[in-house]
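One structure coming up, written as structure tokens, with questions to follow.
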Amino acid sequence: MIKFSKVGKQYPNGTVALKNVSLEIKQGEFVAIIGLSGAGKSTLIRLVNKMIDTTSGELIVNDVAVDENLKGKALRRFRRKIWMVFQSFNLVERTTVLKNVLAAKVADKGFLASFFGYYSKQDHLEALEALNKVGILDKAFIRADQLSGGQMQRVALSRTLAQDPTIILADEPVASLDPVTADMIMTDFKRINENYNITIIANMHHVDVALKFVNRVIGIRGGEIVFDGPSKDVTEEVLKNIYNRELTADDIMFKKVEVV
Amino acid sequence: MSKEKPSFFDRTKIVLRDTLTPYVSKKARTHKTDAFEVVEPYPIGLYVFIVLIIVFILAIDATNVDLIMFFGNLDNMWRIISRLFNPNFGFIGRMWGPLIETIQISIGSTIIGAILAVPVAIFSSSNIVKKSIIYNPVRFIMSLIRTIPVLVYAAMLMFIVGLGAMAGFIALTIFTFTIVAKMLYEIIETVDMLPYEAIESTGANKFQAIRTAIVPQVLGSYLSIVLYNFEINIRSASIIGFVGAGGIGLLLNDRISWRQYEDVGMILLVLFALIILVETLSRYLRKRLT
Amino acid sequence: MDYSQEVLAVYESRPRTLFFKLGLAAIIIFLFLWSVPSVDGPLISQSGLNTVRLMFEGLANPSWDKIFSLKNFHVPYLMYETLMVAFLGTLIGTIIAVPLSFVGSRNITNKYVAFAVSVLVVFIRTMPFFVIGLIFIRVVGPGVFAGVLAIGFTSTGMITKLYTETVEDMDKGILEALDSTGATAIQKLRAGIIPQLSANFASHSLYRFDINVRNAIILGLISAGRLGFDLQAAIGNFRYSDAAAYLYGIIVVVMIIEFASANLRKKLIYGKR
């Protein structure tokens, strides 16, 4: 469970990214965060696995207080269960798909094993199983830079699955994909969320994609939460409030927009 | 009305005016058209030339250039050269040992230098070690070490570890170490940092993140750098013997002192072949790596 | 945990690179072990450590009188002399390289002549400049003059190679354009060829000058120069403070030239601004 209590984030140069955010996300929810660029979506997500620190308020994730006391080994153990999926996939392009997925497990390895890049048979099988779950088992030994964008994102996804996380944080996971692939990836996300009860928090740039797949939507504007509720409650009014303007073509991915 | 050709005097005046005025007035360097105005940069070519002449004269004085003696002894030089081109093939027997030693020195020092360079290169990379307090001094010290030529190190080391291959070995290791570290950190800085952050966000420590995300990206270039250094080291290894630090240079020096230029020619021939061999091999391997 | 059939199948079919990697590692380790023991000689000995200590003492306390005086054979003069040697050597190399590079370029002469020149260049470049130095010592006697000649000879190789690359990259279109306006040969040279080449030529020569400064010092070690020779002599005679003074002189000269040449070359290539 993730609980924000009056969390604020102010950068050293004075910019206030988030103010007074209070939020509770239960295990197994699939949540989308929408809003303008710079409204605070990325900041919010990065607070959860402590890639950024809060400057005020309390944040509790999985019964662990995420504050300045969480560091070193404890922080690394904490992060093992929370995974990030990025817009630019963040794969190591020159190695094979399988090696990329295995990289997920390196944090648990000792010094010698990491140095030689050694993974056990069980590690291999778990990684391959994860690849199978997203349907690209056949690409296991191919170099990562020879895949299409959608396939790369699926590799990134299986990288997170291989470690059985409790929370997945997705930062604009489909923003650089074409609509068909985006649809596939989001379906994967939904399937994972439902089958394995993993909490998924996704920053979404495209409103229609968000609405189509998630059950809960959080709207951020100017660092504050202005909407928090089920996707069916998102009306045009709500969207105007969040984006402070009419929706443009940029905010929509699929050709037909159905709001509500 | 027919145009008369201007007199020689007038033409000279015009040429002089056109060439000399740009030196004194900016207006003479300005070219105007309807659309824009262009100012030629100051013509410093002449000044550069004058400076070069002055330096040239100073240099001749400082280095005791004595052309008379040079041309007087030129026949000596031709004699030596002709003997050089008449290599003594029977000399190979004596060359074998020192030659092997040269190769050994180059291989050993390249490997050790390359290994030692890795941690130093990591500490000189601004994208891994973000604080400039760390990477700037490291880079500076490395470039300081690099200014001293290898042979000077070899000469100095001989007073510490004695005559022989050890001095050359250490000198070459130091040299390889500095160059590989510099080339390596330059490569590391061009690497894509995103996978590194991704792995770090999964809970891996810095070492593991480097190993899984950065090493695969630089491995090919690293090996290429090491091979390139091996090329350089073969040449240097053959030379350090001159000051007594082992390898074939020692033999070379000896043969020259005894004026056995046929033997010298043989050594040079074999060296030539060796270097070409190493260079071709290295070029081939390096193409395969990238 | 049970794994599905396909997963197990893929696992079995994985490429076995382990042997290959082990083999490679074995070769490298073997080469290494073969190379190292041959390098004999005591690494750490009492006298050796002593010398190191004395050297460090010398470094901390160099002969300041030699550093700050302008007398002959003291450090500033030696630095100046080294620079002059390198300058003359580079000049000789450049003067020979200019015509030679044109002869060696495929777009000026035919490819056979160019090839012959390139073989000559490779030959010059593989000769260790030491050997050339020693030969010149036999001709003009030991001292800086031999150094100048040696540096001149060996620089020709690299400078010619760099120059031919530049000449071959030259844009002939400009020459054709000038031709069409009726320019004479000299005018074409001045307006078409020289501007293109001069910046690059100057840059290459500066690069070689940088290298030649180091070589001039090294040649001193075989008495075809002075600074390197003095350094070695000082250490050999246990005058560690003098040696340190010379060493500092070497470091300063090389660093200044490296810095200056890098900046000048950047300005030449990217325009004087």
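Order of writing sets the chain letters: A, B and C. Residues in each chain are counted from 1.
The rule we apply is simple: a contact is a pair of C-beta atoms (placed from the backbone, for glycine too) under 8 Å apart; a residue touches a chain by one contact, two chains touch by 3 or more.
Just so it is clear, the structure is predicted and the values come from calculations on it, not from any experiment.
Note: the chain lying farthest from subunit B is A, by mean C-alpha position. A comparison of C-alpha centroids places B closest to the centre of the full protein.
One inter-chain figure worth recording: subunit A and subunit C are separated by 53 Å, centre to centre, where each centre is the mean of the chain's CA atoms.
Centroid to centroid, with C-alpha atoms defining each point, subunit B and subunit C lie 3 Å apart.
Averaging C-alpha coordinates per chain places the centre of subunit A 50 Å away from that of subunit B. Interface residues of subunit A facing subunit B in the complex, by the touch rule stated above, are 49, 51, 75-80, 83-84, 86, 88, 90-95, 99, 103-104, 106-107, 109, 111, 114-115, 117, 156, 163. Listed in rising order, the residues of subunit A touching subunit C in the complex are 98, 121, 124-126, 128-129, 132, 137, 140-141. For subunit C in complex with subunit B, the residues that touch the partner chain are 28, 31-32, 34-36, 38-43, 45, 48, 51-52, 55, 80-81, 84-85, 87-88, 91, 122-123, 126-128, 130-131, 134-136, 138-141, 143-145, 147-149, 214-215, 217-218, 221-222, 228, 231-232, 235-236, 247, 250-251, 254-255, 258, 272. Within the complex formed with subunit A, the residues of subunit B that make contact are 192, 194-195, 197-199, 201-205, 207-208, 211-213, 216-217, 220.
Residue ranges on subunit C touching subunit A, taken from their complex, read 1, 3-4, 6-8, 10-11, 14-15.
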